[in-house]
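There are two complexes below, and they share chain A, which is joined by chain B in the first and by chain C in the second.
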Partner chain A sequence: MTAKGQGRTAFAYLAPALLVLGGLLAYPIYQLVLISLFDYGQEQVSGGAPLEFLGLGNYQKLLGDQQFWTVLGQTVGFAAVCVVGTLLVGAFLAILATRVRTWVRMTLFLAALGAWSTPAVAGSTIWLFLFDANFGFVNEVLGIQGFSWTFDKWTAFGLVAAQVIWCSFPFVMVTLYAGIKAIPGEVLEAAALDGASAFRTAWSVILPLLRPIILVVTIQSIIWDFKVFTQIYVMTNGGGIAGRNLVLNVYAYQQAFAASEYGLGAAIGVVMTVLLLGITMFYLRALKRSGEVL
Partner chain B sequence: MRRWLTEGFVLVIAAVVAFPLFWMVLSAFKPEDEIISADPVPWTTRPTLDSFTRALTVANFGRYFVNSIVVALIVVALSILISFLAATALTRFRFRSRTTLLIMLLVVQMVPVEALTVPLFFLMRSVGDSVPVFGLNHLGSLVLVHLAFSLPFAIWMLRGFVAAVPVELEEAATLDGASRFRFLWQVLFPLVAPGLVATSVLSFIHAWNDFLFAKTFIISAVENQTLPLALQVFVKPDQNDWGAIMAGSTLMTIPVLIFFIFVQRRLVSGLAGAVKG
Partner chain C sequence: MRLKTLAAVLGVGAVVACAPVQSGPTNSGTDEQTGQLRVWLFDEVNRAPKEAVVKEAISEFQGKHSGVTVDVQYIQVSSRAERFKAAFSDPKSAPDVAEFGNTDLAGYVSAGGFSELDLGKWDESKDLVPTILDTAKVDGKTYGVPWFVGVRALYYRTDVFTELGLQPPTTLDEIATTAREIRQKKPELIGISAGGKYLFAALPFIWANGGDIAKSDGGKFSATIDSAEAKAGVAKYTELIKDDICPPATCAGNGGDASVEAFRAGKAAMTIGGDFNRKSVDASSAAGKYGVVPLPGKDKGSVAPAFAGGNLLGVMKGTQRKTLATEFTQLLASKKYQQKMYTAMGNLPTFSDVQKQVADSDKFLEPFTKTLQSGTKFVPVTPAWAKIEAQAVVPTMLQEIVTGAKNVDTATADAAKTMNAAFTS
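Let's look at the complex of A and B:
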């Protein structure tokens, strides 16, 4: 077939994909930036008032708003706790999994698979019920009936973080376990022959070999935990009392759809996208440096 | 001795991890007075289907279950078709903008789709003016967005599988007189099946679990809600119907769980194939 014919067939095959991606991803991304530059409120949506171009006005408003900085700080802090927790639990269990018999490991993996596959909404409501002030099993065991975990800002955040860690550690555990298993036995035997202790082997042999995998799961976790929506929304009933449990994603949603400040909501969306793209760039750079081929 | 300790510890951890799911299923079968008892116990002597009945009748859960299934299955079917064609184009043909397209596919995967709720909301609103089925309050809008979100990864992943099929096979098929169309659907398509399974599971779970877009798009048409939203119907400020919530959660979790267990092996090999490709 001629080169031109090839190109034509290729585009015929690509057409449906390009149509869907162009219309439902590329165009909305452009629209997101556009909307964020306008004063887009309830009057404009219903068609009563003309659109007013604000330029960077929404961003100015956002950056000058104390609540935005609080929410941004909370988002970073919340994501950090979730990421560190997920990695620690996942890594710890991956190591333990290499030291037990198969049936014990399978039991652990099966339980983890269950947590992993639970839909976020279902997982959130289960945890809410377990930690319910009056009927929850946890309060019964701890003997603190009537204590509300979701009332206080920090216990609410802690509860949500625990739920997020519960459903995201399995990914880290399974990936790291596969990584450890892929390390050739000779390497570990050599280390043992040289008289390295278990700790020394883990620190100086296994850890450097696993670095690329650890990097991947870390960045992946950062990206996921930075944009948690469902858990916060369901467990703190839309961002907590007076919005004190808000994170960026929920904040953007509330600004746009609850307060009808669509321009402002879009601006928050842009900020979030830029932050995540920054992290992704860092990720790709790090991947390249560690010798990974794309 | 030490191994016994480690194994005991691991089993305790497994029990803790599985406990929320156990509690969900248990509570779904408990009679109502045991659920709102001040002293909950981790067993029941009088299992009942009352909560399931309530979930399915009072809140019309069956309807939402069907809605969720319909959305997820259409997304899976369409994304298989579209991504298979696109992946074939990107691996089997050489054309000028190929590399640019590949890089764009990669970048698009990094965009947080949650940030796109606002523009997508307005897009669906205007789409709905001309084609109501794909507009707000209709399941079509959910199909469209989840299709768009699942495509980049699906194409990226299938590329590796298509590339793994030897070109000689295509030449042989052509020599045997098979048309391009025939080769595509009767030779290539079955050969990339493991990759299709892996991608469709991810698309299914994505569409099935979605809460944000269902909440944003399905505003007033209660009959078109999906499961994640329907679950919220039971959540009331003062008195939650925990039995029905747990029955609903069970119904919602089981399809994903079964799916996951069935395909976990294929998923792992599929993911590995994508990485290698």
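Let's look at the complex of A and C:
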């Protein structure tokens, strides 16, 4: 078969998958970009007003808004804390799981899976009950009845971050645990025979072998935590006092979708997609440069 | 590389050629005299009495019109925005007659959802309270009939006031001083449960001081929340959400429901509540030991203008049975059925004579009807208001002040700027 024929065959095999991907990914993104270029509100959707092409008008409005930058900064900071927290807690518990007896490990896994499978709205509400100012269990134990965790900007952010970490560490833990278990015993044995300390084994043997897995869970966590909506929306009652706990997704919902400004909302969506793609690309490149490929 | 160029060309072409979807014009042009009339009403926590009254109206209507059936669907208040948006976008799934909140009116009308009503031939319409009928108008045209109205007044704990030898406040300024005194003598109580997100409690303070949210100049709105009068009102209201009356950590995040909840729980000596809160307060620890007076105005003996909330009944623009729909609207909103709805649900009627009638028979309603008769006010009637509400502009402003993030001048100026952007967009 000629090279050209080979290419054609390959394309024919790939076509169904491409079609599905195109339908599920490309078309919505195309619509998103398209809508972001118009003044597209409820009047326009239901035909009560003519469509107006704005070009980059929605983007201009967004980028010129001081609050957008504040919210963007908060989102990045909040996501960073959540990602680091999730990875640390997940990694620590994964290592712990490899060192304990079976029934302890089972209990740990069951508890983690419970947290993982709790719906976000239910989880957030339960945390709010636990940390309720007057009747909450936490305040009761600490003896600080009347203290409101959700009033101050930083305690509110801290509480939500803790909740996000609580419901996302199990994924990291389970994945890393599987990764550690998959490391061949001979490798570790060889390291032990060479007289490597436990720390040295972890740092120079286990960690490099886990790198591809860590990479995946990190990217996943970045994307998840950047897009947090439910926890902020439920726990800070839609963005906190005077909107000081807003993150990008909640901001987009409040400014654009609740207000029926779909064009502006789509613009925020495009900006978020570009940002996340950018972060992921940057991360992948940095890894490639250091000699790793996914 | 070639593929990239192709994709780019295709992309640009598509963007230029296509536009986001729009549904067509919704006017149907037909006016059938028989068939099924579809009606949307709001679901309630305790719907049975409402449903019974509506059924009675339906059988009366069907008796008068042979070949006509009326189908009622009860929709959730919380998801109404999505339901109505969908109905406007797809006239086929839309009802002929619908109940809706009066603050939603301007947005619905500009979305092309409701048709203008001619109430001239309807005798009873002349008894509708004018300020309440105004809440059904956009640019001078009427798009609905007020079905019931809700106003707020000052709830206070009679036992606490008697114990401390206090009288209910008679001026707006006295609210703060009385509330402060109560909290000083009984530190476990909130002086008055006011909320940082409780727009309809804050508005009377602004109106009583002669200010307003915005003014209309020939249909063009501009914010006046930063006027000297409005600022005085904002300052008076935010003074209540301070540690010596209603601590920000507890009160800043509260809306109307949470504010009344504190009063229900017996944790507050006063609150601003509506006639519609009566049943829930009567089923709480404050039952039997509270009284209600109109929210006092700036001068002794005056009443602060209240927000005229309430629901309207309107005819959808896409209806194919406009005459029937209008007749059914007028029947359900008539004096007879408003009276029945009051008995069933406690909804305050919108006719002045029916209002007087029910107030005479039930002393509890007196402060509310008195508030209604001394004049009510409303939020700006423009589709931009829905946006301003969704973006929480006024609550954010109040919260910025009570947390000390901004002073009254800066916060109101910023709010005015955001509002003006919404008015002109």
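The rule is short, and it goes like this: the second predicted complex is superposed on the first by the 242 of 294 C-alpha atoms of A that agree within 3 Å, B and C clash if a C-alpha of one lies under 4 Å from a C-alpha of the other, contacts with A are read in each partner's own complex, and residues count from 1 in each chain.
Rule of thumb we're sticking to: a residue touches a chain if its C-beta (ideal position, glycine included) is under 8 Å from a C-beta of that chain, and two chains touch if they have at least 3 such contacts.
Fair warning: this is a prediction, and the values are worked out from it, not measured in the lab.
*Asks:* Between chain B (first) and chain C (second), which, if any, makes contact with A:A17: first, second, both or neither?
*Replies:* A:A17 contacts chain B only, not chain C.
*Asks:* Looking at the overlay, what does A:K227 touch: chain B (first), chain C (second), both, or neither?
*Replies:* A:K227: touches chain B, not chain C.
*Asks:* Between chain B and chain C, whom does A:A259 touch in the aligned arrangement: first, second, both, or neither?
*Replies:* A:A259 contacts chain C only, not chain B.
*Asks:* Once chain A of both complexes is superposed, is A:L51 in touch with chain B (first), chain C (second), both, or neither?
*Replies:* Touch partner of A:L51: chain C, not chain B.
*Asks:* Figure out whether A:L207 sits in contact with chain B (first) or chain C (second), or with both, or with neither.
*Replies:* neither
*Asks:* With both complexes superposed on chain A, which partner does A:L130 reach: first (chain B), second (chain C), both or neither?
*Replies:* The answer is first: A:L130 touches chain B but not chain C.
*Asks:* Touch test for A:I35: chain B only (first), chain C only (second), both, or neither?
*Replies:* both
*Asks:* Residues of chain A touched by chain B versus by chain C: which partner has the larger set?
*Replies:* Comparing touch counts on chain A for chain B and chain C gives B.
*Asks:* Looking at A:F151 after the superposition, I want to know if it touches chain B, chain C, both of them or none. Which is it: first, second, both, neither?
*Replies:* In the superposition, A:F151 contacts chain C only.
*Asks:* Based on the superposed arrangement, let me know which partner A:L63 touches: chain B (first), chain C (second), both, or neither?
*Replies:* Neither chain B nor chain C is touched by A:L63.
*Asks:* For chain A, what residues appear in both contact lists, the one with chain B and the one with chain C?
*Replies:* 31, 35
*Asks:* Mind listing the chain C positions that touch chain A in their complex?
*Replies:* Residues in contact with chain A: 14-15, 18-26, 85, 88-89, 107, 110-113, 196, 248-250, 252-253, 383, 386-387, 390-392, 396, 399-400, 403, 405.
*Asks:* Which stretch or stretches of chain A touch chain B in the complex?
*Replies:* Within the complex, chain A contacts chain B at residues 3, 6-7, 9-11, 13-14, 16-18, 20-21, 23-29, 31-32, 35, 93, 96-97, 99-101, 104-105, 107-108, 110-123, 125-127, 129-130, 132, 134-137, 140, 145, 166, 223, 226-227, 229-230, 233-234, 249, 252-253, 256-257, 262, 265-266, 268-270, 272-273, 276-277, 280, 294.
*Asks:* For chain B, which residues count as touching chain A in their complex?
*Replies:* Residues of chain B touching chain A: 3, 6-7, 9-11, 13-15, 17-21, 23-24, 27, 35-40, 42, 81-83, 85-86, 88-90, 92-96, 98, 101, 106, 108, 110-112, 114-123, 144-145, 147-149, 151-152, 155, 180, 205, 208-209, 211-212, 216, 227-228, 231-232, 235, 240, 242, 245-246, 248-249, 252-253, 256-257, 259-261, 264.
*Asks:* Any idea which chain A residues touch chain C in the complex?
*Replies:* Touching chain C from chain A are residues 30-31, 33-35, 37-38, 40, 42-49, 51, 53, 133, 147-148, 150-151, 237-239, 241-244, 254-255, 258-261.
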